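Quick one: this structure, given as structure tokens, is what I'll be asking you about.
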């Protein structure tokens, strides 16, 4: 399995983790507040980061605020450790902290992610940092920030169900498949970031700490460990996750989220695990089993 | 003669109209009117036109505001003063105690004749089907054919409209019923039906006040007569034509 | 449906307004307004443009805060209270469940981009109803009650006529069985024939559901048809109040007389 390794020499031009200490302190205060009120969006002073909005500045700032010398960082994008964005962010943190990085989920202490939760179950002590584009679940319904804050304060969430109702009326089923709205701790409505609804159940009662950062919108929010997270639904149209008839082409998994890949112009397709590390791990295990058998 | 329950007691009733937009002319129509009426009475208002017969009925219904005097009616074994009464009380009296058959049916678009007639019963809490059934029976009696029951009375003839109006007035069996020229547009047959309805009402102990242009009907039903004389002439002085400071509000 | 009997002489008003003033510049608006509204009663506020009637409605329904005076409401669970003492959250809840507000322009009171069914069911979802099938059934029922073809349940109001939109807006407000409905010129933007239909529907609903309503209108015919009582407003003050038929047949105040005499007899 992939060993712990620091890929990049720390560049000490930069303060540890790039942000100045006051900013980190401000962010930590905001995060503490967020953890104290699960699902509640806490404003923070989002800084200029060396990449534009829309590329994960929120998640990066959260990671930068909490990362320490002894942390082990994993970064994934759409479930994969080796996409361009994942590589760039991992290298960035390597440069500004010198902290060890890894692709192995069980070995990480911090996992920054865009659009997926790893298949490997998380454990106590781990922190997931999510990159969030739009933190406000009610934005489509109500453009005014003042009004949405009031709606959250008064738990006026009926309008969200209007959307679900409309989906069922128009499509026969709830059509939202990612960034599926949830109620956290039986109180605040939250957007879990654009993870597929397949991953929503993983949020419920998870032993890891979940932190969410939106750089452009300047909000952080959190789901503490072992918190109840319930996806919105109707009594007669309960929440369901995606299923496939196929299994992963590479490792045979029937439990993971599968990506569909088009192989050629003839439209040949194969389904593979979106979580590359999980898939590789399974393949390695299968080779081991075969070897020892 | 059986002892009769007094139902209406009017003392010193006066009604003065002030037409602010016509130089403030004051028209006295009723002046110092006194009378009593009891259960089983059919009190006919007599007098030439302009003496305030309709006005008197309207004052008794709360449709016009009396400017002087007292109107008391018996409701639930109690005397209730109408003059100056809060609107709530008058509405309750109209629902339960005092009925009114106006000279002309007020036509509401889209409401069928049957429902027009049934409405007073529904307002009193009778369920729709039962109310409609009674309405139908009464319309039948007044020779309004069933084919008209489902139609709004807007297109009915004057006589048909008036019969709908009469049915609506009689149906809820109010202890007091005010009738303003109920037979004006009716033929002989229908006049007789109305006379019968009035007699039944009287026999049931209701108190009726009516204006009847038609001598035949009047003679057939009247048990008492009240002759109204023209209000004092010379009271045509002009009020101030500037807008008064106070507004005219019925007590809350 | 059985008619609700008109309430007995009920000493407890549903809404009480005392010496209420609301102006936006110290001069224009409404001043020193006082009245009671009883359960199941319809009150019309009649006046010409600029009379202050819309301001009155807005202040009485606490969408704007009165400058002076008070508004009391007989809540279901807290008794007869001064609305000024009600926390914002409770007031919002009250206005979404026990009250309705029908706007002159249906578009202002509807979600134009979601289906008629969703529009009607929204208030129910807001108070926690979570059964899609039931919500849909209730919404369908209301469409029929408002004389809209039940097959339009999944259509958005954009495709509805003005009269249909207005009827939809009313259904949307009535679905939580409010006891008090505020209406601001509900028929003003509609053609005459459409008005008649809507008014008739309102009349029936008021009777069948025992609704109390405050209806602002410049049209005396609307008052005649719908209202037990009427307030006449001019220049921000109530110049006359009384039973509707009395106001129209025996107007006392010069302005009321002028107003009544200006109606063209058809």
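Per-chain numbering from 1; labels A, B and C assigned in written order.
Here is the rule we go by: a residue touches a chain if its C-beta (ideal position, glycine included) is under 8 Å from a C-beta of that chain, and two chains touch if they have at least 3 such contacts.
Quick caveat: nothing in here was measured; it's all calculated off a predicted structure.
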| item | value |
| --- | --- |
| Minimal step count in the chain contact network, chain B to chain C | 1 |
| Remotest chain, chain C as reference, centres from CA atoms | A |
| Best-connected chain pair, where connection means C-beta pairs in contact | B-C |
| Chain occupying the most central position, where position means C-alpha average | C |
| Whole-Å separation of chain centres (CA-atom averages), chain B against chain C | 31 |
| For chain A paired with chain C, centre-to-centre distance based on mean C-alpha positions, whole Å | 48 |
| Between chain B and chain A, distance of the C-alpha-averaged centres to the nearest whole Å | 78 |
| Chain C, residues touching no fewer than two other chains | none |
| Residues of chain C that touch chain B when the two form their complex | 1-3, 5-6, 8-10, 34-36, 38, 41, 196-197, 200, 203, 207, 225, 228-229, 237-243, 245-246, 249-250, 252-258, 261 |
| In the complex, chain C residues that touch chain A | 89, 92-93, 111, 114-115, 117-118, 121-127, 130-133, 135-136, 153-154 |
| Of chain B, residues touching chain C in the complex | 17-21, 58, 62-65, 87-92, 95, 108-111, 122-128, 131, 243-244, 247-250, 252 |
| Touching residues on chain A, where the partner in the complex is chain C | 153-154, 156-159, 161-163, 165-166, 168-170, 233-237 |
